[in-house]
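What follows is a pair of complexes built around chain A, which joins chain B in one and chain C in the other.
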Partner chain A sequence: MPAIDVDEYRNRYEQELERTRTQSTRTKGARSYTDGEPGDFIAVDDARDDLGPRVAQLLAVATDRDRKIDDRLDALQALSALEFLGARFSPYRAEWVSTLRTLAEDPRATVRRSALEQLALRQDPHARELLLTGLDKPASALVPDAVALQFLGHDGHGDAVPAARKVYRRSKGAAREEALRILATDPGSAAMLERLMKDKSEKSSVRRISAAALQDLDPSRFEKAARRVVADDDDFNEIRSTSLTGLALRRTAESAPDDALVQTVTKLHSSSRSPAVKASASRFLAATRDRSET
Partner chain B sequence: MTKTTAGSRHRSADEREHERLIHLARQDPDSGAALVRLLDERAPHHHGRSTASTNRLRARVFIEFGDLGLPSAAMPFVLEELESGLDPSTVAAAGRALLGATEPLPTDAGPLLVSAIERLRGNDEEVRFLAANVGTILPTAIEDLTGTIEQLGPSAAPARAALAELLEHHQCCFNPAVRTRLEAALHRLGSEDRPPCCHAPSDTHEPSTAPGGNDATLTTDLTTLVLEDQDGNRASFAERFHGRATAITFFYTRCTNPQRCSLTVARLASLARRIDDARLDCGVAGISYDPRYDRPDRLRTYGAERGMTFSPRCSLLRTIGPFEPLIDALDLGVGFGPVTVNQHRLDLMVVDSDLCVRAHRTRRLWSEDDVLADLNAATGVTRAQ
Partner chain C sequence: MQVELDIPSADAAGRVFLTWTPVQATARLAQADDASPVQVTLRGRSSGGRVQFATTRTHVGTPELQLTLPANGTKVSFFVAGVFGQPSKALDDGAVQVRVAGGAPVVAEKKVTVRIRKDATKMTGPERDRFLTALGTFNNRGTGRFRDFYEMHVSGTLDESHGNVGFLSWHRAYLLDLERELQAIDPSVTLPYWRFDRAAPSLFTPAFLGRSDATGRVSFTPGHPLEGWRTAGVPGITRAAGFPISQAPPGLRTENATIALGGPAPNAQYGGFVAMEINPHGFAHTSFTGLIRNPATSPRDPLFFLLHGNVDRLWAKWQWFHRRTDPANPRAFAPALNNRIGHRLSDTMWPWNNNTAPPRPATAPGGTLAPSTVTTAPGPSPTVRSMLDHQAVGGGAPLGFAYDDVPFEV
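And now, the complex of A and B:
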């Protein structure tokens, strides 16, 4: 994937989001649910409605293995939306969670994934156990390793770190990258993240994930590594751009003005042909000017 | 409404280990004390375990107390869980532990059962400490706590006002079956609150003694321990706290229980304002259990979001280097999982200007009034000397 300026990326993303929103509104409007359809609930909701019958109906659809998969997923989505009703949904919450725990082991992969995702968002211990068991014994895994790690990443306690270390060692591709994202919560992994960030033989995505993780875990360590990467004309544009952006954001009190680094970045700004590197360099130089003015 | 059932459950290695620990404790000649030791956050069997694992063992031990009898040494753990526990199953299990009490319950036990129900309203789930086969209907944590109140009956009479209020203001949060049971429980509590003489007094407001007894002077190792504040300023424990009475408490920014660390720091901020308003020569400080993760910028953001106005008398700190010396010197109740804290109690202590620990409050939520009184006492003691 060619490098892209972050502002341009943001614009594209916002346009895409707007397009999706418009499509989604159209789809919902065209569907015009008839009574009894899973998604119907949201349209008919009213503060005076008794949620009981509707919740029962949605749970029945979600757990009915003979129903079309889309109906079941719609029912899950509708139940998930009902949670936003807060206190009104409270009487049904326990049953909803129990249903999700059952569906986490459903024969249909998409249902399993949807249920596990919703449980993971609430850091459910049952789902956590299922996901960790799957990482330990891949033959019995309910979702792919990368997905399991993504879900386990909702737990800020880092309880999935030991499993992430194992996956990191044995995997390639998406699972390895998700493992790194989990290790980003572990101060004990800072040295490894620094090594990966500087390793030119690593994939660009791995290096950038490592840089972002290190910046959060140990800013001083990140700064040292980032300076080295930025000053290395043989290194790749993506990681140089990421490092520069990180340095621009690092505005801690202990950061003394550094003429050598400013010179390096100024030179890079004028010599680089990469729009991403140029944009990051501009951001860094602007941040440096702001800092010196304050 | 028809209940669905939880997915099939097979015992994990973790659960088998818990079975073994419980079995060993039950074989002990003093099984009550052995079970209480299983709750100790610092015990080796908790080390390296996840929060979910430590919660599961706690729940199992609480259930044992309900069956075998509740030793008085276990009561603080039970009340702590009811007051500020987050995991619905563990909280419900703590409720069941009260059923094993042979002595009168503390006056706040009943109200804490009700406050636990209120707290779990938006977070209810089937209890996980009962064996479940496919098709089994398990009670939810709220149903289980309601059952506990029903079984305690008049023993939980001080809960009457709180339960009546819960039913009056929050009945829409419960399904009809639970509402009916809560009403039945209210009926079982009796028409009037029992006179206080029928219940053991609560020890909520009484600090425990300092480690090694009152007037415990901190060890040399601790006084030289280096602490860094939210602005990156470093000073030794002695340099930071000598010369002024200080309320010191503990927290970590990754704590997911809003009733523990978040509330502790918010209350510390409020306490600091009251100290300023009263122009007392005292200070407050919070020290992180998780020093490698809680860097100064995290401490600053976390405190500011909870109302702290930082000054030399009001700071959030981390150790430079390991946290363990503080655990040993101050007798802190905290255990660590693979990366960070897996279980901790509430610990607040007041040290006087000579670094003697004058009060140590553990497990229960503390009130600002009580800590202000501790600080005043510590200041007075210092002056008298």
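And now, the complex of A and C:
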């Protein structure tokens, strides 16, 4: 990039803004569900501004089952954006949450999913109940198992562990993987996670999720398994990379690697043809160097 | 003959970091060959970041500068800054060299990094990886100090940072605090920004901020530093774009439309500009599903910091274009809604002020603002006012960051 003359840069930018201004004095709002742009009426310097009419209008659009689905989703997006106003949105929050609870059982799947996620992000007990019921009785599920577990996972307190165990046993694919993520909070699952991490017949994604989960649940168990994976030239590059980065980012004094591990990784760094393994090995060796310098 | 260069924006290891803001430096003869003054030439050497020189504090520098150094060792002052448009790509990839006028040998040299926040889509692979590694290390799988950062931005704290005129000041301090923490891990790192009014497909890849599957689960390349990301006891990141990632999110104000908020020059007012909190800021958040869409969970997704990097860049660009960095200018800021504490120019900002008296939140995670190795501003407990002139256009100490497309201009 060449050096830029600042005065010239200002002139050019001024001309560009002027061109934009004359072409169009306003941008289009989030598609066309209302007359104006949702942000246009928010003038924070004017204390008289009242969000009430706009919030009421958006809530009406979001709950109107006769409206086009895009309009309803746009209204939900706009309401979520208004929530970023903190105290200015507070007077409408109770109604907003109540509306989301209604929309959680909407006939339209995309509306249900959006509402349930927004409730799950605030750890809403009503949404948790709906999601757990759906996992228990799949016929009444409001969202697919994988999505339900993902939403339940926003609450890190482990309430969903029994449901996750059940889904893990009965499912494949994304639902099984989401179940594993929830089991990362369950000390009783450490042995299973270690087995999955080391199992070469398992899917790469399952092994990597298990490695990450085990690292959280039982770091010393992870370290033992990771060292074995890293040293195994017959194992797959994906899990070796994941294991290496897991070891590299552990910066505690007690996890300082011994010479044997450093030698293994140094050898791996020079011999591996996998860019991911090389990058992870570099990261590990750099972290080791940093630790020895501090 | 020995020449000593003193460029004050250096860390404890003597590495010099520059932005676009000129830094007053000195050169002196530490050991003279005879009693005559010596003419020397300052010049930049670079494989990346380039520097320029001046004898006054100006944005118009030159690639070379002649100085006459007295034999008695008296310091001679000059200004040095990064050349706008030519930031570093790696640590110490630039240098200031001193040669005796007309002579070839370099008699003094200081390595320099022109450390600038960049558009995330224009970072080199190594720049991207260093940023991600520093962030992954700082979070340390949910056990590191990154926790303080997302706890600063949860339910019950948002009145400090949102819905009022201090929105931009608060988030500027927030980003600066995090950037300094990352620089303590790797001094070459700066926070990149996501230009949300442009397509950024390279950002939403497994090698960078991750790719989302149909459930909204974000996955990374094996061994990626954020692969084991964990926050608030919850593993991973959920996020799905509600738009094709080959395009920009729909409905967001463009940069030019955002800069036009607050009115045209010369009467542009901050009170109008800060309406950007809804659009583009709020709409950029809610263009996705997942953690980023909710104010109380959004900082748990690293995308938050790139999104807010762009929000802050837009403010910096508006300030530069309309010359609104002087807090004494009534158009550079606006009265706080309801006179809310924490949003007035002279107020200190929570949590860095450790003030937990109502109406402030009951706890103040994270302590004071991280210090910088290269500047004294804004101090441990920043005020709203201290965030306005980040490049120190009006003098004093800069905050120590700059954007690749926002110049320093006096």
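The criterion applied here is as follows: the second predicted complex is superposed on the first by the 246 of 294 C-alpha atoms of A that agree within 3 Å, B and C clash if a C-alpha of one lies under 4 Å from a C-alpha of the other, contacts with A are read in each partner's own complex, and residues count from 1 in each chain.
The rule is short, and it goes like this: contacts are C-beta pairs under 8 Å (C-beta built on N, C-alpha and C of every residue); 3 or more make two chains touch, one makes a residue touch a chain.
Please read all numbers here as calculations on a predicted model, not as lab measurements.
Colleague: Under the stated touch criterion, which partner chain does A:R88 make contact with: chain B (first), chain C (second), both, or neither?
Modeller: Both partners.
Colleague: With the two complexes superposed on chain A, say which partner A:S80 touches: chain B (first), chain C (second), both, or neither.
Modeller: Second partner only.
Colleague: Please indicate which partner A:G156 is in contact with in the superposed arrangement: first for chain B, second for chain C, both, or neither.
Modeller: both
Colleague: Identify the partner contact of A:V97: answer first if only chain B is touched, second if only chain C is, both if each is, neither if none is.
Modeller: It touches chain B, and chain C stays clear.
Colleague: Check the residue A:A146 against both partner chains and state whether it touches chain B (first), chain C (second), both, or neither.
Modeller: second
Colleague: Between chain B and chain C, whom does A:T133 touch in the aligned arrangement: first, second, both, or neither?
Modeller: Touch partner of A:T133: chain B, not chain C.
Colleague: A:R72 in the overlay: touching chain B, chain C, both, or neither? Say first, second, both or neither.
Modeller: In the superposition, A:R72 contacts neither chain B nor chain C.
Colleague: Check whether A:S205 is in contact with chain B, with chain C, with both or with neither, and answer first, second, both or neither.
Modeller: A:S205 sits against chain C, while chain B stays out of touch.
Colleague: Just to be sure I read the superposition right, which of the two partners does A:I239 touch: chain B = first, chain C = second, or both, or neither?
Modeller: second
Colleague: Which chain A residues lie in the overlap of the chain B contact set and the chain C contact set?
Modeller: 86-88, 156-157, 185
Colleague: How about chain A: which of its residues touch chain B in the complex?
Modeller: 52, 55-56, 59, 63, 86-88, 90-95, 97-99, 101-102, 104-105, 123, 125-126, 128-129, 133, 156-159, 161-162, 185-188, 217, 219, 252-254
Colleague: Which stretch or stretches of chain C touch chain A in the complex?
Modeller: 50, 59-60, 83-86, 129, 133, 136-137, 140-142, 155, 158-159, 161-165, 167, 213-217, 219, 221-225, 227-228, 230, 232-236, 238, 242, 250-254, 256-257, 259-260, 264-265, 269-272, 274-283, 285-287, 289-291, 293-297, 321, 334-335, 337-338, 340, 407-409
Colleague: What residues on chain B touch chain A, complex-wise?
Modeller: Touch list, chain B to chain A: 1-8, 12, 50-52, 55-56, 87, 121-126, 128, 138, 140-142, 170, 172-175, 178, 231-232, 254, 256, 292-293, 295, 297, 337-342.
Colleague: Okay, in this complex, where on chain A does chain C touch?
Modeller: 1-4, 6-7, 9-10, 13-14, 16-17, 20-21, 26-31, 37-40, 42-47, 73-74, 77-78, 80-89, 114, 117-118, 121-122, 144, 146-147, 150, 153-157, 174, 177-178, 181, 184-185, 204-205, 208, 212-213, 215-216, 237-242, 244-246, 249-251, 276-277, 279-280, 283, 286-287
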